[in-house]
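Chain naming follows the written order as A, B, C and D, and within any one chain the residues start at number 1.
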């Protein structure tokens, strides 16, 4: 009985700890959101400051280059198509990989081609 | 005995879960560091871009104003002096609160006083 | 790699994206900036491939090979004047990728315990779907319009379209709320469908002088879609890269709005209707005087200043190298030659600059619109090559014109204005141009390249 | 408030800091920018007060009242020419606060389970201590130098100081490593002590033309210390605000280095030694010609262009209002008056601009150094008021001078140069100035304000 009691007690504290941990995890999830928002805010301000000074000459290359950067979704596509759970997600991931790669590779290449002309 | 066994089993899985949770927490701690670094990086770039265009006229007010902003340590000071654990930490926190407040209040005020002159 | 290392790699990749964008703001550093950007992408992709979640590589490799092949092929073979279309198409692909990634993630979460479906994640998923889908159809329509496909021109906005758009937007908000409370792939795809329709409707009704604004806006959207996907996956590099692009697109949108003298709401929800009260081509073209290359050559020989105003037609005719030769020839004869670059000449912001740079025409001859306009009355000859809407005085004088209020290059105010184009057919906005029958205007009909070469030959002979 | 809401408030506060800094870069928006900054601070402080961790308010309230009182008192009563000292002192306080916060946090962690002592947290703690302590003593010394305390001037760098500094820096690295492996408050305070010594030694040896760089650098440090504290506490608003300030200080440092024609390493580890081979005052001042207000007035009456070069002495004499009156008077007589502003005139970057703005002297009369120098040879009278080092031609001609290489305003190249100061005593850098015995130079000895008023009176009479 003694052992049983001790065990029950242990289970009790253990459950509490788990509850605590779960709460902490949930908390930290929300904090991940907040830090995501913080990062978003900073990047938006930074983007605005970076581009504010761009001369008209570079509008076209900037659009095509930044468009290539927005192909960063490729990272998400790889994550989606690379999981083992397969099926529909892999299919969607595959489509996304194809499209994002077109965007990335085509975008950077064509920008490079254009900018070559600006070099003297 | 049946209950005992079940309980022991429970404790077993429970400990595993706890270990998992602990690992997750540690992981998330490191990720907090990484997101801190990300925020730091973005803010540094942003600071550089923001200030790059400042005219010499505003060098003095900028220094005194940004100096006041660096008094944000006040937030940390409040956290340190407001805990219940008291003693040495409270004392350090109190000192920090005083100094940071001088920095903040004095800094913003004197900047305001200076900038008034720039208004037309 | 452990999550921490992966995230540190993402940090490095984000730094390269920032340096890349920064580099792209100056001609000297632009090439390097683009390389930095692609390096950042490479780092992010490699780090992701090494993530623990990624276990099967087959489809990734196939996808990258297929996508890379297509991208490379188009990037290398596309002609410079077609580039705007291609960029629009690529932009649409980016939006589509966000739709699929968010959808795939949602599907995977279906198998996980419900805690993984936090409100913010589901909300971000819906957002990624909406922005991505709007970007997709919007870009496809823009692509069609830029490529000047016939059938796109035939697609007319529905009557009461404003109301329909508003209703669809409300519906999207409502469905998002439903989905947040009741996460499921079904709702997601419904949302995506509606957003696809919205993207189509929003873009189909925008035309003429407003397209540059829309193109910049779609650029911004593709970034925002990526950022929303970043919130779905809790992935900082997606958030950073996406919002950098979103912000830069927003700034460009603003720049375009200013250049077109439009407000953003006016572009998005502005008056539609094909300006039925505009004069017809027959009314306008009563006094058109046609000229020959020889006559133009003679005019040039006695001129002391020439302003060349290039437009989309110069790109179509691939005339930029011929134009450079003409420029050099005139400058050798001590004639002052400058170029008047309208901010939306061509089919993409800054398009003319790229084309003229391609032909090695020195930067310092390229003047912005305002500068050109301030000197145009003292200019002997304004040579318009394949430009139309950007020199249409209706924008200045006719408040009912679809391009009313758009600043133009005042070619009609030069002492003599010579216009090179193949016919009297209209430009992108589809409206007649009173410049062509102005008293001081002479039309040199013909293909842009041929006409310029004819002028060169005539000057050599003369 | 729950942590999420607090962090959202911090986000809002960070936005205000960004808008604030952005505003401070343009004269028109600077006042608003400063208000935004203080609003951001208010939000951050209130959110923190509502945090669950904060349970006892007594010491906080007392601390805020005491600190706020002191800050307000000084901010309101300080004279404009003393402001540089005060900003330096405040800066030091910021550094000290970081030291105490990091120390307090470490002490609190001592009571928690060892997991809370992650490597990165301890490392950040050490970093906050080091940067904060260097900022503290560095700023105190800068304060003393700017206030020109006697005893600070007497403090001489130790022989072989470079080596000592290097050794201390190494020691700090080693102790940080020890502390990371073996967290404890003892190690922390040892590190702080050594860093205090390092801050003292680094700053005490820097003088003359290099002080502006150091002041900007210390400004940057105070931000970096706050950012390090942010890593200790895992607090994003500290990281953001701190690194914004750190970055802006870094940019200013670079600007100052450029203005002084110095490289940052040269400033920090540069040649010390009081340039013993410079000429003595007696050697230099052989040909000093003294003048009177009447004579200056007569010169002014026939001049067509006057450049006024203000320096720290104008601030000390509070002469800026008199200078404005003189300016207005001369301009009424159709004499072209401009001001030549040296970037480091006064005791803080941009100090002169603040003083002249205080006296309502129009912006557009204020010219930067380069512009003034390009026109100085056509200038009839260069009126130097309380400037010394910034018009010392030794910087241009004597490579052994402690200010060698610093760009100066070439007052000696004007047709006539009139210098107002009280005596032949040196400026901040403590060296004689050959300008004062140049052939075209006239000295008007006296207090700046009095002398300018005398000139005004003489012109009125004449």
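Just a few scattered comments:
What we mean here is this: a residue touches a chain if its C-beta (ideal position, glycine included) is under 8 Å from a C-beta of that chain, and two chains touch if they have at least 3 such contacts.
Small disclaimer: the values here were computed from a predicted structure and weren't measured.
Of the two chain pairs examined here, B-C and B-D, the one linked by more C-beta pairs in contact is B-D.
Centre-to-centre separation between subunit B and subunit C, using Cα means, comes to 42 Å. In whole angstrom, the spacing between the mean C-alpha positions of subunit A and subunit C is 26. The distance from the centre of subunit C to the centre of subunit D, with each centre set as the mean of the Cα atoms, comes to 47 Å. Among all residues of subunit C, those that touch two or more other chains are 18, 236, 240. Counting partners per residue, subunit B has 30-33, 35, 38-39, 42-43, 45-46, 50 as the residues that reach two or more other chains. Of all possible chain pairings, those that touch are A-B, A-C, A-D, B-C, B-D. Contact residues of subunit D toward subunit A in the complex are 3-4, 7-8, 10-11, 14-15, 18, 236, 240. Residues 26, 29-30, 32-33, 36, 39-40, 43-48, 50-90, 92-119 of subunit B are the ones touching subunit D in the complex. Taken together, the subunit C residues at the contact with subunit A in this complex read 17-18, 20-22, 24-27, 30-31, 33-35, 37-38, 40-41, 44-45, 48-49, 51, 53-57, 59-60, 62-64, 66-68, 70-72, 74-76, 78, 80, 83-84, 86-87, 90-91, 93-94, 96-98, 100-105, 107-108, 111, 115, 118, 120, 215-216, 219, 222-223, 225-227, 229-252, 255, 341, 343, 348-351, 353-354, 357-358, 363, 366, 368.
The touching residues of subunit A, when paired with subunit D in their complex, are 27, 30-31, 33-35, 37-38, 41-42, 45. For subunit A in complex with subunit B, the residues that touch the partner chain are 3-4, 7-8, 10-11, 14-15, 17-18, 21-22, 24-25, 28, 31-32, 35, 38-39, 42-43, 45-46, 49-50.
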